[in-house]
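Paired with chain B in one complex and with chain C in the other, chain A is shared by the two complexes that follow.
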Partner chain A sequence: MFVELRDLRVSFKTYGGSVRAVRGVNLDIERGECLAIVGESGCGKSVTANTIMRLIPSPPAEISGSVRMDGTELLALPEKRMKEIRGKSIGMIFQDPMTSLDPTMRIGSQIMEGLRIHDKKMSRHEAENMVYETLGMVGIPNPRAQFKRYAYEFSGGMRQRVVIAMAVICKPRLLLADEPTTALDVTTQAQILGLIRDLKTHLGSSVVLITHDMGVVANMADRIAVFYAGQVVEEGASEDVFRNPSHPYTAALLNSRPRLDRDRKQKLATIGGAPPDLFAPPQGCGFFERCPAAMEVCGDIPPSRYDCGAPGHRSLCWLHHEFASPRRDEWLRMRFSG
Partner chain B sequence: MTEPMIIEAENLKKHFRLASGATLKAVDGVSFGIERGHTLGLVGESGCGKSTVGRTILGMYEPTDGAVSFEGKKLFGMTRSEKRAFTRLGQMIFQDPYSSLDPRMTVSDIVGEGIDIHGIYKGKDRAERIRELLSLVGLAFEHAGRFPHEFSGGQRQRIGIARALAVEPSFIVCDEPISALDVSIQSQIVNLLMSLQERLSLTYLFISHDLGTVKYICERVAVMYLGVIVETAPSDKLYDEPRHPYTRALMSAIPIADPVRERAREHVILEGDVPSPIDENIGCRFAGRCPRALPKCEEESPELVASSDGHYVACWNVNERG
Partner chain C sequence: MLRYILKRLVISFFTVMVLVTVVFFLVRAMPGEPFLSDKLTPEIRENMVRYYGFDKPLYVQYFTYIKNLLRGDLGVSMHYHGIPVTQIIRDSFPYSASLGIRALIVAIFAGITLGVASALNRGRFLDYCCIIVAVLGVSLPDFVTGYLLQYVFSIKLKLLPIAMWRGFKYTVLPTFALSFYTTALLARITRASMLEVTNQDYIKVAKAKGLGVFQIVVRHELRNAILPVITILGPVTAAILTGTFIIESIYAIPGMGKFYVSGIQNLDYSQVLGLTLFYGIFIVIANFVVDILYGFVDPRIRADRRDAS
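Entry: the complex of A and B
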C-alpha cells in the first residue's frame, strides 16, 4: 500500500475544552488512484489532509496514530526530513485561490520557490524553464508573459491553475486537493477537474480529493471515503458506494441533493438536526440522533465496521450486524425514497 | 397560466460608473414577468448580473433604464406612500446568513424591526406574531431572546426567512439562499421555502448558480450571461432541451451524482473565462467562447426569440436555423 492511515486521532485544545476533530481514521491510498473524501464542514476531512502533510503543529494539537507513506512513518519524522517531503513527494492544492497565493510575489517566483528549495543544484535558468513548462501544462496561455504578473491580475480559475502549478511542479507522488473547485463557477470547475484528471494520468500520482459535492465525486473518484463526525463511516469503490450506499448517512447525502437527472416535484429528503458536538462526542454512533434507521444499540455502543458485499466496501453501522438483518433489509428497501 | 404577473421587468438596465470612468454594464436589457404564486429561477455564473437584477427590481438600485412594475404599478415613480407599501410587499432573503444579521440584535429585534417600521402589530400582538413567525420557520420561541452567534448557519438562514416574512410580503427575492449552507442543511431550507410558498401563496425570484436546486424549485428558469438573458423556458423544457450553447455548456458542466452516467455523458467544456462586463460588446456576448459562433455573432447582438411555446432563445444559430 502506498499510503496508510491507521487509527489517526487529532484533537485541539480550546478554552471550551478539547475538540476531537478526527476520531480514529483508517484509510488506504493506492498508487495512481483518486480517493475522494466526502463530508460536511467540520467532519474532519481537511484536518486529515493537513495531518498527512504535517501542517498541524503538535503541540498544541494532539495527534496520535500512524500515517505511513511507502513504509515511512510521517508522524515520527523530524521536521527537517518532513520539509524534504512536503511539496516534493506530497503536493497540496488549497480551496481558495484568492487567499492561498502571496499577493506581493510574482506568480513565476512563487511557483519556482518550491522547486529551488527541493533542488538546490538547479540553476535559475533551468528552474524558469520548468516553470514555463508547468504553466503550459496547467493550461495557462503564454507562460513567459505570465511569469512576471501578480495574483490579482488573474481570474479565479486562472489563479487556481497557478496554485495547481505550484502543487505539481515537483511531480509529487501524492496530490492532496482540498475542495479545489468549491470557490469556482461550474464551467470553471469543469475545466479544473479535467486538468487534475489529466495531471494524475500524466504524472501517475495518487490524488486525494476532498469535497462535499457528490457530483464532483462521481466525476473523479475511483474510491470514496465518507466522513462523518471525524470518522470514516463508509468506504468503497465509487460505483459501489453510489449504487449501494450502505450507511444511512451516505444514503441521506445522496438523497438530499436535487438532481438534474431526476424529475421535479419528487420530495427532497432531508437530514434533520445537525452533526454532533465534537467537544463531547456521542458515546455510540455519531449519526444516531439524525439516523432514520437507528436502533437502541446505536446510541450506546459505537458500531463496528462491516463488509457490504463488494471487495473493499465497508460501512461503520450496526445495521450490518447479523442480528439486525430484518431491520437492514427494511432500510435497504426504503433508503432511496428518503 | 392565466394568473396575472405580480412583478414585471421591462428592458431593465443597470450600469455602474467606475472610478476609472469606464461603465460596467451589470444588467443590460433584461425583461421578464413572474405570475402570482410562481417561482422564476435566475441562473448564471458569478458576475453575470443576477444579483443586480434582484436588487434593482426591489428598488434597492435605481435602474439606468427600463421599468419595473409591481401589481401593475410602475416602481420608479410611485408616491412615497405607495413606495412604503411596496417595501413591505417585496422582501429579500440574503445569501450569507452570517453577515446579513446584525450581531448586536436579538432574534426578536431582528424579526420585529420590520413589524415596528410598518406599524403592523404592537405590544402583545407583536410578541404573538414573533412567536408565530419563529414556529413557521421551525424555530422555538425560546430562541427569540438569543443573538445570531448562538445559532448554526441553517438556523440563521431561518431567522433571515422569518425576518422577510414578518411584514407579510407577497413577493420575495431569494438571493442564493442556500449556497452558504452545508449540503444536509440545504435541503431543509429548500423544503421550508417551498412549504412556505404553498401556505402563504408567495411569489419568488430565486437567484442561484445551482441548476439542480433551481430545477427543483422553479416553474420557469432564465439563464443570464454577462447582463442579458440568453434563454428562458419552463423548467422542464429548459432542462430537457436546452437550446442556447451557453445553457448547454452550463448543464454539461454540472456533475451528476452517478459515476456511470457521469462518465458516459458528453461534456462541453468552455474555454477561457467570462469576459469583462466593462468591455464594449457589439455582437453576442457569448460569441468569443461559443463553439458554434458564426461571423454574424460577432457583429450583431441576437434578441430573445420564441423557439417554441414559452421557450425563448437569444442565439443566431438557433433563431435562424430553427
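Entry: the complex of A and C
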C-alpha cells in the first residue's frame, strides 16, 4: 500500500477543553488512485490532510496513530526529513486561491521557490524553464509573460492554477487537494477539476480530493471515504458507495443533493439536527441522534466496521451486524421508497 | 512614478508653507516680547526693534520672512545676537544627526529582531522577555534611562565615559539611551504585525512547499509584516535625527535639542520658527521616503499609483 493511515487521532487543546477533531481514522491510498474524502464542515477532513503533511503544529495539537508512506512513518520523521517530503513527495492544493499566494512576491518566484528548495543544484535558468513548463501544463497562457506578475493581477481561477503549479512543480507522488474548488465559481470549478484529473494521469500521482460536493466526487473519484464527526463512516469504490450507500449518513447525504428529476414543489431534503460536539464526543455512534434507522445499541456502544458486499466497501454501522438484519431490511425499504 | 513624485513634491511644498504660516503667527501670539531685559536702554531697544523689523505691520513682517525663506535665509537669532539661525542649525545638527543615525540603526536592528523572535516564540519564555523589554522601553522616560545607564556603566562599572562627545566610546551610552524607546516601539509593532502574517494562508502554503522556518520568515513573513514598521519609521526618523533635549543635556552633547527649548524660553522668534521649520521639513521628507518605500515593498501600492497617474 502506498499510503496508510492507522488509528489517526488529532485533538486540539483549547481553554474550553480538548476538541477531538479526528477520532481514529483508518485510510489506504493506492498508487495512482483518486480518493475522495467527503463530509460536512468540521468533520475532520482538512485536519486529516494537514496531518499527513504535518502542517499542524504539535503541540498544541495532540496527534497519535500512524501515517505511513511507502513504509516510512511520517509522524515520527524529524522535521528536517519531513521538510524534504513536503512539496517534493507530497504536494498540497489549498482551498482559497485568493489568500494562498504571497501578495508581495512574483508568482514565478513563488513557484520556483518550491523547486529550488528541493533541488539545490538546479541552476536558475533550468528552474525558470521548469516553471514555464509547469505554468503551461496548468493551463496558464503565455507563461514567460506571467512569470513576473503578482497574485493580485490574476483572477481567482488563474490564481488557483498558480497554486496548483506550486503543488505539482516537483511532480509529487501524492497530491492533497483540500477543497480546491470551493472558492471558485461553477464554470471555473469544472476547469480546475479537469486540470487536476489531467495532472493525475500525466504525473501518475495519487490524489486525495477533499470536498463536500457530491457532484465533484462523482466526476473524479475512484474511491470514496465519507467522514463524519472525525471518523470514516463509510468507504468503498465510488460506484458502490453511490449505488449502495450503506451508512445512513451517506444515504442521507446523497438524498439531500438537489436533483433535476424531482418534482419542483418538493422541498430539498436535509439532515435534521447537528453533528455532535467534539469537545465531548458521544459514547456510541456519532450519528445516533440524527439517524432515521437508529437502534438502542447505537447510542451506547460505538459501532464496528462491517463489509457491505462489494470488495473494499465497508461501513461503520451496527445495521450491518448479523443480528440487525431485520432492521437493515426495513431501512433499505424505507430508503428506496423515498 | 515620476508624476507621482512630482505630485508629492508639490503637496509637500504646500504642507511646509502652511506650517511656516501657522508657526509664524503662533509664536507672535505668545505673551511677552523678545527684548524686555532690564539691561537694555530704550534707545538700544528701539534700534533692535527696527533691526528685526518689528516696527512694521505684521503682514509685512510675514512676507519679508517668506521672501527670505525662499532664498534659504531663516533670519538672525534674537537671543544669540547676530548669529543666523542657519548657522545654529549647521553647527549643532551634525551632532544630533550623528547620534540620531546611530540610535536609529540600533533601534531598527534590535527592534525588528526582538519583534520577530518574540512572534516566533509566541507565549513562550523568550516572548515574555521581549514583551517586558518593550514595555520598559515605552514606559521609562528618557531622563530615567539616561541617568540609569550613566550610573551603571560609568559610575559603577567604569566602562564608558559619563558624558561629552569626543569619540566612539562617548557615543555608546547616549546611543542606547536614545534608541531604547524606538527599539521598544518597533519591537511591539513588528511582533503584532508578524503574528498577523503568520496566520495567513500563504505562510502555510510556503511551509507545504518544504521551506524551513528561517526561509519562511525571511522570504515571506518579514516582507509582508514590514509595512506598519515602515509607516512608523518616517516620523520616528525625523524625531530622532533632529535632536532631543533631554538625552543631549544629560550627556552634554552640543546638539540641536537645547535650541528648541531656549528659543521658546527667550522668545527668540526666528530661532523657534527656523528650528520648527527644519524639523517639519524633515518629517515631510521622511514621510515622502516612506511612501516611496511602500511601493518597493508592496507591488499592489505601486500598481495603484500607476493607475492613478
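One rule holds for everything that comes next: the second predicted complex is superposed on the first by the 328 of 338 C-alpha atoms of A that agree within 3 Å, B and C clash if a C-alpha of one lies under 4 Å from a C-alpha of the other, contacts with A are read in each partner's own complex, and residues count from 1 in each chain.
Definition applied: a residue touches a chain if its C-beta (ideal position, glycine included) is under 8 Å from a C-beta of that chain, and two chains touch if they have at least 3 such contacts.
These numbers come from a predicted model, not from an experiment.
After superposition on chain A, the partners chain B and chain C are seen to fit next to each other with no clash. Rounded to the nearest 10, the angle at the Cα centre of chain A between the centres of chain B and chain C is 80 degrees.
When the two structures are aligned on the shared chain, A:Lys88 is found in touch with chain C, with no touch to chain B. Of the two partners, chain B and chain C, it is B that touches more residues of chain A.
Shared-chain residue A:Tyr152: touches chain C; no touch with chain B.
Contact with chain C, but none with chain B, is seen for A:Thr104 once the two complexes are overlaid on the shared chain.
Of the two partner chains, neither chain B nor chain C is touched by A:Thr48. Superposition on the common chain A brings chain B within a closest Cα-Cα distance of 7 Å of chain C.
Residue overlap on chain A between the chain B contacts of one complex and the chain C contacts of the other is empty. Chain B contributes residues 45-46, 152, 154, 182-188, 190-191, 209, 211-213, 215-217, 235-236, 239, 249-263, 267, 269-270, 273-274 to its touches with chain A in the complex.
In the complex of the two chains, the chain A residues touching chain C come out as 53, 55, 83-88, 91-92, 94, 96, 99-105, 113-114, 117-118, 150, 152-153, 163, 166-167.
Listed in rising order, the residues of chain C touching chain A in the complex are 200-202, 204-212, 215, 219-220, 223-224, 297-300, 303. If you check the complex, the residues on chain A that touch chain B are 40-41, 155, 157-158, 185-191, 193-194, 212-219, 221, 238-239, 242, 252-254, 256-261, 264, 268-272, 274.
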